[in-house]
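Next, two complexes with chain A in common: one pairs it with chain B, the other with chain C.
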Partner chain A sequence: MVETVVDVHDLSRSFGGKTALDGVSFRATAGHVHGLMGANGAGKTTLLKHLLGLLRATTGSVRVFGVDPVRDPVGVLARTGYLSEERELPEWMSVDELMRYSQAFHPGWDASYARELLDTFALDPAKKIKELSKGMRAQAGLIAAVAHRPELLILDEPSSGLDAVVRRDILDAIVRTVADDGRTVIFSSHLLDEVERMSDHVTLIHQGRVALSGVLDDVRGAYRRSRLRFLDPFDRPPVIDTALAIEGSGRSWSVIHSGSLDQFRHSVSARGGEIVETRDATLEEIFLARAGRSRSQMEAA
Partner chain B sequence: MKMRSPTVAVLWEVWRVTRVEAARKLALGTVAAMVVLALSSSAREIIKDSTAAIALVLIVIPHFAGWLSTAKLNSGRPGFPLFLHYTRPVRTTVIVGLPMACLTALSVVIYLLSALLLRLTSAYAFPLLPVAAWVAAFTMIVLAALWSTRNWIISLVVMMFAAAQILGMAMRRLTAVELPDNYDWPPRLWPTLFDFPSTDYAVIALIGIASFGVAIAGVRRQRHGDGWVEAPSAQRGGLWAWLVNLFRIPCPTSSATRAQLWFDLKSNGLPLLTIGVALAIVILLLSAVANPIDITFADEIRAHLSCTIDDCFYARAFPVLITPLSLLVVLFLGGNAFGIRRKQGRTYVSAFEATQAYGAARLTLLKLLVKSACLLAAIGAIAVSVWISLPLLGDAVFVQMWNVPLNSQVSPIKSAIAAFEGYELLALAVVVIIGVVVWVAAFAVLGALWTRWSRRANVAVSSLLLFGLALAFLAVAEHNGIMSPFVIDAILATARWAAAAAIIGATAYLYRSCLAEHTLTARYALGALLVSMAFVAAWVTLLRAVGVQFAGVSWTSVGSMLLWSVFLPLFASVLAPWSYSRIRHL
Partner chain C sequence: MDITINLTDGVPIYRQIINQVKYLVASGLLQPGEELPPIRTLALQLKVTPNTIVKAYGDLENAGVVHKRRGSGTFVSEERPQLAIRERRRVIGQRIDALLAEAHQLSFDADDILRMVRERQAAMGEATAEPTRKEKK
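And then the complex of A and B:
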């Protein structure tokens, strides 16, 4: 049986009248990499903060390793590694002090792994955190988060604002962490190629709600991008069953759609059109279709 | 709000950042001064006059603190705080001049409002323009010192020099007329004493222009790259960061508690202790050199002040003035035990600390104990320094300044302490230690509540201030026969019992809530109860040791005293972890 590491049920949270999360339910199972996608302000960081107990669930419930992270922070945080989006580390510490301090909280600290990562990232242990660049801070924070071989690794926008080299180093370190048996990673990102490369499960959060969630291959398999040609031109996008997003003009239109291909083909034929070409949609196309449609609907409203 | 021009936008930002501090400055100074005046309204004329002088000091003092809310934008570090304007198409003269003018004007308005209110509610002619002009000058000097450089040593030296000069000038002006059997600046002399020469206003104008010029030049350099990067790393974080880096103790890895102890000692405790020890050394050194200086410059001092060398002093006043200031500094630094951070006006707990696998109650206890131990040691260092310094200064200084021969009272104090039994000394130690811990906890809790519920905390504190003011006025009304003593007694008794009921109810509620949330364990609760009982026992022992007799005192008074001594530490012991938990898990 697959062990559930994170179980969020019907979680809602507002900040001063603005709804950040609205009835979010989310499960993460052991040994998988879960990618959280969403636009800026969608609610990804708010959800991750609930998992760490930094935010108290006011509506709904949050369970990590079967316990509430607010009631038992030690039980959850001892088995969790975390890298925040702001890379917030004590500026007065040196890299070596950061490692030693983090080590004290985790009996399972793997000193040789930490040293190896320090060498890989070419981080000087004597350097103060305040003297490090943004990328170096992210690397130092990542070592502190992964060197105790946590059962759950939570990363909030781990490669945001970093150059390609640092980004690759960080993603490699995450991949190595995942390679250990039974480790679970939950990471948020708005870089969809990164999510696609790293995750086996994806969840799209849009305006505080879960817009889609599932195994990456299933998600990709459930959405297609088709190019359509109609006999008569349309001034406005034609209404087609199961279409999520449609763009184009006149007789040629491109559609992102879900559901069965037969049903879609039938709907297109009923409008006097035909499918010229069809393929699996990329994650970016799915993301834009799911997030973008709501946005245009809102704008229309 | 629609911003019609960059000028309006800058002014709006300054107002948003400083409005709460402005309200606090006005309220605290005025309310404290009014309470002091109200409490002495029925006293003898000389007491009333001296409290009027204290009231004047109380409305001036808030302006010596500068504008802390703008400094918060820089996390307390020197340098121009509104640096986000650097990338906007606004001239440096505008982004510096406008806030400077705005803050100076705010200081002046706050002082004038306070003085006018005191004029209206008392019979004393509190000075208006002359003092307001010097408040403006000092504000501009402080702003220029803080904004024009990112080097805290330069800022600090300039501010200390300016404060010393202005205080020295104030002392010289106010003590120009010697009055027998009275202090030197009674209110009846104010119109004369505060009638400053017109050259003062010319000097103040020059100070204003110079401060503005220095600030512009400094900020222009910062705007074009003379920034944090160029500053030596040790200077980037200010004095506190320098002190943090002073101690190179390796972080223990054997346990989380030891590592957290190291973290709090290094980042929070040892810098405070170092400042306390440094101030103690300064007091001792000043006391040691003060007598020879006064003797060396005796002729010059006598030329300015008609006095003999015994009651005539200049340098010897400094250690006496610095001692209470030092105590205030270390007590103030004893706050923020939870390490709450400030950035661009936002207050928060570091996510790094909040996500360490350590329980809220244990973390709270550790933080409070580390800070309290360092505060206690700092106070101890200052006390030892003062104890050694007293004979060096002699009695004349204290008699002249406070009418108390403090040096002569050292022996009676020594005898009184020597007469204490061992258990009484232990009781004294227990009361002092728990008292310091409660002080540190109170400050930490206030900081946490302000971080979590700033608006509600402001309302609560304002309500308490207003309640205090109302009580002071009721006391005055009672004394003047406007209100029956029965009514005021009933109001006071009701307030006392309501406060007692509130503290009992709040303690019970918080314990229930913390135990239910697993923030506290039953073991912690039992420990807190035992500490509270120890405090009561020590307090009663100490009262008996100093000769307080309980026989003949009403049972309600004894019960009230015991209740407060039990519930104050007990309340603090639950409120601290509860409030920390509220900022750790928002």
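And then the complex of A and C:
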């Protein structure tokens, strides 16, 4: 039986009449990496802030380690590490002061791990936070988030605006968190290759709703990309059952589709076409099919 | 261990790892009894979730390619010939398919290709002689 660390049920939230989250349910299980995908403004950060007790649920419920993070913030935050997208850090402190400040909040602080990471990142402990580059701020924030070896690590767009070297440091921290003692990671990212590499479970949030959620391999296995060839050319995309996105021209079209391949093949041949090639869709193709082009189709419908 | 992850062709990452370990074993780049990298090490190297490595190693164990030793690590199995032949055929088969497709595009038939393969082999001479003897043992 896999332990549930985060359980969000039917969460809705709006800001000044604008809906940010609309009936979101989300579960995170222990020992897994959970990737959150979605366009900017889709609601990822709003969801993560609810997990930390920084926002109160308007409707629905949020449980982290079985408790409501708004009612028991200390109980949740003591066991959680968090790196925010804005990396709000106390500007006036030195790196070393930030370490001691974080340590004071976390009895489980592992000073030798913090020291090791400072060395790896070549961060100067005497330097003031406000003097740090963007990449160094992310590294300092990351140490503060992971050095108490939290049971739950939450990273909001950790790679945003960072170069390849610092992105690698962040991914290493995720791997270590999970590999060392089966702890849990939730991270949001707009970099789909990162989500695909790092996630055991993925959730796609689109316009405040969960558009897609599941074990990555199941999600990947549920969608295919097929290249089609038709006897007669089409001026506009041919209508095919189970097709989520289609592009191409004339006799050649590429389709992202879900459901049974037989049914799809049948629908294609009914339009006078055949499948030239078919393979599992990539995460990016699935993302675009569910949260990209489909939007205009949904609005038109 | 030399493994490359490619996210553009739609093959799941754990499947890519399985295929490449099988290839490394089939080609002799991983020897029987040799230890595979620990899960954490390979996850850090490939920048993938450790659970993907766990899954790939588990499937490789079920397929008899590797075995786990309690309290130590994951090792390439000793009994490899049967798998190796099948795997070697699969790898070469893919290359042949690609070659035949290209040959067809350029208007060569299979007999032309066979003749050209022999010509190339003769031209390479000694270079191919040694591995051929090795395979026969």
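As a convention for this text, the second predicted complex is superposed on the first by the 295 of 301 C-alpha atoms of A that agree within 3 Å, B and C clash if a C-alpha of one lies under 4 Å from a C-alpha of the other, contacts with A are read in each partner's own complex, and residues count from 1 in each chain.
By definition in this document, a residue touches a chain if its C-beta (ideal position, glycine included) is under 8 Å from a C-beta of that chain, and two chains touch if they have at least 3 such contacts.
Remember, it's a predicted structure, so these values are computed and weren't measured experimentally.
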Practice item. Could you tell me whether chain B and chain C fit or clash when both sit on chain A in the superposition? Key: fit
Review point. Looking at the overlay, what does A:3 touch: chain B (first), chain C (second), both, or neither?
Key: neither
Practice item. Quick one: classify A:247 as touching chain B (first), chain C (second), both or neither. Key: neither
Review point. If you stack the two complexes on chain A, which partner ends up touching A:97: first (chain B), second (chain C), both, or neither?
Key: first
Exercise for review: Using the touch definition from the top, say if A:88 reaches chain B (first), chain C (second), both or neither.
Suggested key: first
Practice item. Please work out whether A:168 is in contact with chain B alone, chain C alone, both, or neither, and reply first, second, both or neither. Key: second
Review point. Is A:77 in contact with chain B, with chain C, with both, or with neither (first, second, both, neither)?
Key: first
Exercise for review: Write the angle, vertex at the C-alpha centre of chain A, between the C-alpha centres of chain B and chain C, to the nearest 10 degrees.
Suggested key: 150
Revision key, fill the gap. Min C-alpha distance chain B to chain C after superposition on A, in Å, is 26
Check your understanding: Which chain A residues come up in both lists, the one for chain B and the one for chain C?
Key -> none
Review point. Contact residues on chain A for chain B in the complex?
Key: 52-56, 70-74, 77-78, 80, 82, 84, 86, 88-92, 97, 100-101, 103-106, 109, 128, 130-131
Practice item. Please name which positions on chain C make contact with chain A in the complex. Key: 5, 7-14, 39-40, 43-44, 46-52
**Study point:** Touching residues (chain side chain A, partner chain C) in the complex
**Key:** 31-33, 168, 171-172, 174-176, 178-180, 193, 196-200, 217, 220-221, 225, 279-285
Review point. Which residues, counting only chain B, touch chain A once they are in their complex?
Key: 233, 236-237, 241, 244-245, 250-256, 258-260, 262-263, 266-267, 350-360, 517-518, 584-586
